[in-house]
Amino acid sequence: MNNSDTLDKIRYGKKVQIGDNVKLRGKIDLGDHVKISDNVIIYPNVIIKDNSYISPGCIIGEPTEDYYRNNDHPFKPTIIGNGSIIRSGTIIYEDNTLGDNLQTGHNAIIREGSKIGNKCNIGSFTELQPNVYIGNYVRIHSKVMVGELTRIEDFVWIYPHVKITNDRYPPHRDFKTVTIKKYSQIGAGSLILPGIEIGENAIVGAMTVVKRDVKPERVISGVPGRDICSIRDLKDEQGNMIYPWKDHLKDYRGYPWQETE
Amino acid sequence: MNNSDTLDKIRYGKKVQIGDNVKLRGKIDLGDHVKISDNVIIYPNVIIKDNSYISPGCIIGEPTEDYYRNNDHPFKPTIIGNGSIIRSGTIIYEDNTLGDNLQTGHNAIIREGSKIGNKCNIGSFTELQPNVYIGNYVRIHSKVMVGELTRIEDFVWIYPHVKITNDRYPPHRDFKTVTIKKYSQIGAGSLILPGIEIGENAIVGAMTVVKRDVKPERVISGVPGRDICSIRDLKDEQGNMIYPWKDHLKDYRGYPWQETE
Amino acid sequence: MNNSDTLDKIRYGKKVQIGDNVKLRGKIDLGDHVKISDNVIIYPNVIIKDNSYISPGCIIGEPTEDYYRNNDHPFKPTIIGNGSIIRSGTIIYEDNTLGDNLQTGHNAIIREGSKIGNKCNIGSFTELQPNVYIGNYVRIHSKVMVGELTRIEDFVWIYPHVKITNDRYPPHRDFKTVTIKKYSQIGAGSLILPGIEIGENAIVGAMTVVKRDVKPERVISGVPGRDICSIRDLKDEQGNMIYPWKDHLKDYRGYPWQETE
């Protein structure tokens, strides 16, 4: 509202498509073949790289609270990488650096100050609180809450309704970072307490409450979460090992070690 | 975006009302007295039957991921039954057959490949993953996750924040169908593991983790869920039986066995 | 749809700003310096007081189900207090009285018949069911479900994914009010059963299932929730008392007892 639509400040790449009722509110850089669907709002200082698709009703570069108090709110840069698909209703705040081939579900929220690597998925209604670090090939399903300062390494999967917390003594904001190491799987509905580290290739069962650090390659489950077994003890119905999943995933799911198919 | 608005392909029933900033993107069939509110987007191959109401900001016929790669994406048919009320922000993917008198809450998501019977409610922020089967008179409250392949029979109630899972060995996609039989009640916040069957008229207490099949007319509760009693042991404050609820529900809630009132 | 845009019935305060594609559907009162962003819909009988900001895509005065059956649906009054920030996609039903300096997250839903005091926050995707009472300085985080009839007193904090229930014998609608007394903290993912009272300054740990009343100043945790200790037994790493938090919160968080800073 307090930024007029200043079309001269916009850089359009080749073959950019812009839908109806789109608001481009300032200095914006749109790469080649970018498509901006109907009813999208883009605030100043946003860069959208080549071949990305912004679906209807998205808001990109959403301002932090200062905007409502300060008529000269300085918008920090927001970058969306190449080939991204941002589904309808997604809200990406200012001051984010998002890698290539990001996909979001519908109505995802990415708050300010985060960095996301390449080839990640952020599910519908999932919310990343501020200052989150996410590696590459991370898949976060629907309705997940990722607390402020969380670190999620490459190839992690987080299933629906997971809650990653951060405040040990609420509401004192005594934040402790949760770290989830490579290849780990966090089961649906689970909750991770502040400061916890989940080791590489660990599996957290559905609806587990994680109160202690989890060692690499361990399976934990329950409320509170208890150590159950090694991931190497889990077998499919034919008795075949299936974990570490990187070594046993048969379907092509887009992983770099499978790209020789 | 890659479908121009081709108004000649639209069939309008009698007294159709169309709001402002509505996008009708191809071959669409609108029954008598259909109302399409402002800011709605309807993709090709959608049929909306008589007397249905599509609220502001809904997207009907939302394409699957192929759309973003394929300029000639073939839209599969999507049907919304008579007298439906689709509340604001609801997203219904292509390739769905939805019965009469469907109601959705706000921002519900119905992914592709599903079949829903008559007189169902799908709550706000609830998400049906692909290829779900839902019978008649099913009521699913807010923020529920219904996993791919789930089968829900007639007259089932599912309360807020329930999670119905499907993958036994994530991320291998070794999907096993969860089946919820007639008249069952799934308490708020519960989680059902892959492949589970919930028997007719069973009650799953709030925040239960269902790891084993539930027999008909049993009450289960806890983490993990344990068998507590028969539903016939539950009484109200006056000592009256209240289950099976079909036999004891006093208020008219629109059920067919009550329509003689 | 069945209310034409009757601009003559609108009262505009001084320096009101109205975005594009805004629908003002009847008798509406906009205070001084009110800003209505793009794509907002406001139904009849809404009062928005001075200096409030309605973000893109919000719906204010959303009608109850009667609207879809009744061409003369009478809209009950909806009031939004001074200096409120209503973030994008929020839906506020008719028949609500919301105090000053309300903030909502994105896509919050406030159903009909509720009263909210001053300086409250209602988080993203959080849903207040009908007929809720909320005091002053209450902070409800994201994806919370607040059941019908819930009472939440001043200075309460509710963290993400909390579920406050109400129906003892579903689906009989035998509603019992949950009451949460002043200064209490309800941990992420917790569920409160119908009719429970949480005492003043109590702390409910994360993912707790509250089946019994909680006495003032007690900490409870677990499934089912068990009494752990007094809040006065909780200390920070330096051994300092940190609860009751009102007496120990160091950061200025906008509380009235800190306004002398």
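Each chain carries a letter (A, B and C) given by its place in the written order, and its residues are counted from 1.
In this text, a residue touches a chain if its C-beta (ideal position, glycine included) is under 8 Å from a C-beta of that chain, and two chains touch if they have at least 3 such contacts.
Just so it is clear, the model here is predicted, and its values are computed rather than measured.
Peer 1: Note the rotational component of the Cα superposition from chain A to chain B, reported as an angle of 0 to 180 degrees in steps of 5.
Peer 2: Value: 120 degrees, nearest 5.
Peer 1: Please tell me whether the contact surfaces of chain A and chain C are same or different in residue numbering, using the over-half criterion.
Peer 2: Homomeric contact, different residues on each side for the most part.
Peer 1: List the centre-to-centre spacing of chain A and chain C in whole Å, with centres computed as mean CA coordinates.
Peer 2: For chain A versus chain C, the centre distance works out to 26 Å.
Peer 1: Could you pull out the residues of chain C that touch at least 2 other chains?
Peer 2: Where chain C meets two or more other chains at a single residue, that happens at 21, 39, 57, 89, 107, 125, 143, 161, 189, 223.
Peer 1: Name, in rising order, each residue of chain C that touches chain B in their complex.
Peer 2: So the residues of chain C touching chain B come out as 1, 21, 23, 39, 41, 57, 59, 62, 65, 68, 89, 91, 107, 109, 125, 127, 143, 145, 161, 163, 165, 169-174, 189, 191, 193, 209, 223.
Peer 1: Under the touch definition given earlier, write down the residues of chain A that touch chain B in their complex.
Peer 2: Listed in rising order, the residues of chain A that touch chain B are 17, 19-21, 35, 37-39, 53, 56-57, 85, 88-89, 106-107, 124-125, 139, 142-143, 157, 159-161, 185, 187-189, 206-207, 222-223, 234, 236, 242-243, 245, 248-251, 253.
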